[in-house]
């Protein structure tokens, strides 16, 4: 497996480089008979789109998805859904300056070593542009999972951290600001901070928290394919992600078992939810919540020292239109990957149903 | 995929419940001609074994592995390696008290809901006893990966945190103490703390850090099967794990790109290694390092309120011989899963070689 | 994928060589709550066992299966079913004469080339002994598929061909004779013929026909995983198989479309069934029937010319206790593989259900 | 697995219906650095194209393939190759007459039952039009396998059978006639016969034989993924295929082992090749050859009785532009599937190399 597929029964395979003709994918395994709202798919793609606000890259890409198959008279047919997003604005000249040198903390160097050469027009396959295909598939998965709510939001930018428990947040505010933070005040601070970082030609990291509600009991396949393990893999496969935690996460290690355990209510729900909605790799019906850490974008609009293909020192200058902070645009990607995991496990649960 | 297999080309499938006749597995895809030291395999298993020190469960299990196939005249044949570990000391009576009630933060409840009934003799398939099979397979993978060094150690117990960078640690000290912490002084503190926790009949969480050295450049398959994504999945599939981070991890989000980027040396190595040895999902030849968060063991030897199958409140008493802190015994498991991931990607790299 | 697994959701992985300690496997994905009659599993294994009649190998192997996991209180738990069959009578000395030479039309030569060396005690992994594990798994699959009837029988030995359509046969007679042919008269002729072949120290090929009845409509996943394509792969994976045809098969090519098409009855059944119960890769509810061609066993008890590892001409003498004709013992293997395919597609059909 | 992917390491996933916007696919796992001649890819597609001669369907489809990714400056990059073939001439009105009735021996009925409804514009996903994507992928696989020669040809139409051993045939004549039979005289007879069948508005079946030469020793993964088992699955997944045999095939069953065995030459080649180039599931370096049986096309241009969705008897009239015999156009499809199997096993062999 060269690694461009995700999922077992609800399976996405993607193709495309940042500067190729088109990118897209195939969703194989989407059940038949699902009424598909293609405008909603495009809306999700628009949430990821460049140029949508002052704090994201100003690159111009319409990112219009074209569905080639698998949908007939507004419903899925059970056959594979093929789709493409054509690259209309490739601007490869923007990248000519990096043709022969390796950008620090980018994949240029390892791609060159692994594949013998690279698409020097930019990130090529390693570019986060690939995630557009994931958003399309995730948007379709969301419509299949109509009863499950998936809400991701920015919970940290640099050292600015949203400390409220998610239960106190109003998810309807997520889309009300450019940062996609459901706390208006904090959102404003984050936005101002990102703007100041951008002025410096620098970048900053952040954290996205995702909450999944109304999940049926029983999703997840022990032992290797635990639900949270696959969610972790899904999130770690997103560009720039450095960490994943769910439920009590890293903070949980400092607790005693007597404090950490989630006591049962008589209906099988639990009084607390440090488990994060997953027990032994299987959903227990409580909210699933997790956090995803994103490193600062590697492309800084400053001059930097690096090496060229010959291993000689060179000085380069960061150019182009890049995101000063990736998390605002990564929110729909996190939701998409969560939707793909849940869609896949929903089908697996059907297969293994009693 | 009922989820009991891990890996694509170097593939482990495991079977067995905590109180069944035996557990074991099949390694499919191990190349032929590898000289296999079976004593080393047993040694790894002994590192995980109960009863090895005062701070782990005192359960008696010899955990002797029997190899059934795939090895001939001391070498692997390229055919599947089947193995079993027979359960000699099942003590199912120890568990009779939990037959009809659900232990908080255990998988009892979700297994019952998902599978219609459960093996009430204990954790059954959800027990960490399953990881013994992983250690066997990992020990074989390590021998295949003879040039790569994998060292895991305990870096945190409760709030006691080992703050030294791993470069300052002497890995030869890991096995010198019961905690498996390479800092003798900190190890003593952790051990004393775990003993006090045990006296209370309580449990505590911890963190294991793993360092992988001498990794060739080019392991990892973008885009979904990034090397660190698979490492994360592997670690999150271990019982009680709540989080995973690699390289700069969660701390990296507070950094600026200009600080975070790893500048190149002329030989392609980097001056810093915030990337954690993986760039764009592909190993770059630098050390791979990551941390894994373990929650406190759910079984506390105290009385607790819970519910029974009928959804009635009941009071139960934690019994049996359990680990007060799981991390000392989890060190070989983390190493085993890391070895399985690397073995698999080594074979994939061969297939995709230029 | 070293190729020792079969199936996607109802997945069998096998291990073991003809002269190793044990062979066995793991069934992953068998749903929970199925009442399992282990005696029936052993009975299926006995149908494949050596020494059961005068026309099969007289090797002594009890072939007793031991179930290690996945079954509790007589029911499947939904966890992997691990099992082993211990080799009690390895007689490796019987094979010393072939240690250094390659038997014609055996896998000795290619195993040596592919794996660098081979288990010279006999067929090793390439021995049909591996199919014992398939029979165990198939017997469990049959119990999961309780409503579907699978009947295989010998329809040809050498040039002796049973020309009656299967509808005229009484399947209850299959086990009434050593050949496993439901036509008593033809069975006697075949048996006499196999005995005469055996006297010559020679072997002969044969054909097994399999009929699957009471199959639900909708099993099969277009386009690559058509039901008959997977049945064909399953049969071709059995040792000594050279061909597979279903429905009208090779004879169908000489027909015109107007003759070959199966006209519908008003209930959706068809008046004829040249399609063999599968249309476009999906079961249509009619009987599925197919034929499998087996070559003559390669081990003849005569002297033959061959080469040794050094590529020198040598003369060798066929020894040991081998089957003069493989089809009588292969009948339960064909049924087992058919059951595994149907069990897998039954689970897939659940996943993709409307 | 909804079944639209083929291969493990060299993996093709296809999408598209006969009357959708486009069909195409993604090749994942093609190694990097392969110089790709896209004209040759189009040439292969043209061999399958409708309207190429008087004995195939006169449908007008340019079948022009567009490559979206995975190729840069004329070479493969190691990233997925996405491609599409746009449907320019859908003529869905041609199919309005079958909207409510089921065509005998077509997939209409089972698709309706399995998916709840169907794309009534024609075969939809079950149409052989899907194989165009396979031909594209196979043409790329052929360029990766530059040293292996794959030649398929028509060896039987109706009862007209080419009885010469393939060694006596001149493969350069295959493309010299419309039937794709390398015996000019027989080709003419077959062509005349197909024309007469066409006049009747009827159809006829046929057989394609495929010969693969210069295959390295060691391709194939026992035990389930035997090389010939995967070849069989690949061929049986092609529309209208009813049977597969390799080497001595069904004729081999009538032989004695002493006659059937292939004696070795001192260089490891064999004097005869009844094994068909595969021993124990692994290529032995001899020619691989196999035959594939195709049923007569189900669409006859005559009036026929059938049923509608309500299960009522109706009389329908076969219309449209269909092939009277599918084998001439199926030759490149057989070659493509063979190439995909060999490409996949070539990568697997690298992974498992000693």
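Going in written order, the chains are labelled A, B, C and D, and every chain counts its residues from 1.
Keep this in mind: a contact is a pair of C-beta atoms (placed from the backbone, for glycine too) under 8 Å apart; a residue touches a chain by one contact, two chains touch by 3 or more.
On a predicted model such as this, the values are computed, not experimentally measured, just so you know.
Participant: Identify the chains adjacent to both chain C and chain D in the sense defined at the top.
Facilitator: Both-contact set = A, B.
Participant: Of the pairs A-B, B-C or A-D, which one shares over half of its contact pairs with C-D?
Facilitator: That interface is repeated by A-B.
Participant: Using mean Cα positions as chain centres, tell me which chain lies farthest from chain C.
Facilitator: For chain C, the chain whose C-alpha mean is farthest off is A.
Participant: Between chain B and chain C, what distance separates the C-alpha centroids? Give it in angstrom.
Facilitator: Here the centre of chain C sits 39 Å away from the centre of chain B.
Participant: Counting in whole Å, what is the centre-to-centre distance of chain A and chain C, each centre being its mean C-alpha position?
Facilitator: Chain centroid spacing, chain A to chain C, equals 46 Å.
Participant: Between chain A and chain B, what is the gap in Å from one C-alpha centre to the other?
Facilitator: Chain centres of chain A and chain B, defined by C-alpha means, are spaced 26 Å apart.
Participant: Please set out, as single numbers or ranges, the residues of chain D touching at least two other chains.
Facilitator: As it turns out, chain D has residues touching two or more other chains at 1-5, 8-9, 14, 29, 32-33, 78-79, 114-116, 125, 222, 348, 352, 354.
Participant: Using the touch definition from the top, list the residues of chain A that touch chain D in their complex.
Facilitator: So the residues of chain A touching chain D come out as 1-5, 8-9, 11, 13-17, 20-26, 28-30, 32-33, 66-70, 72, 75, 77-82, 84, 114-119, 124-125.
Participant: Going by the contact rule set out above, which residues of chain A touch chain C in the complex?
Facilitator: Where chain A meets chain C, its residues are 8-9, 29, 31-33, 78-79, 222, 347-348, 350-354.
Participant: Under the definition above, what is the set of chain A residues touching chain B in their complex?
Facilitator: Chain A reaches chain B through residues 1-6, 8, 14, 102, 104-107, 109-111, 113-116, 125-126, 130, 156, 158-159, 197, 200, 202-207, 217-218, 220-226, 228-230, 232-234, 236-237, 239, 242-250, 252-268, 270, 274-276, 279-284, 293-300, 302, 304-307, 311-313, 348-349, 352, 354.
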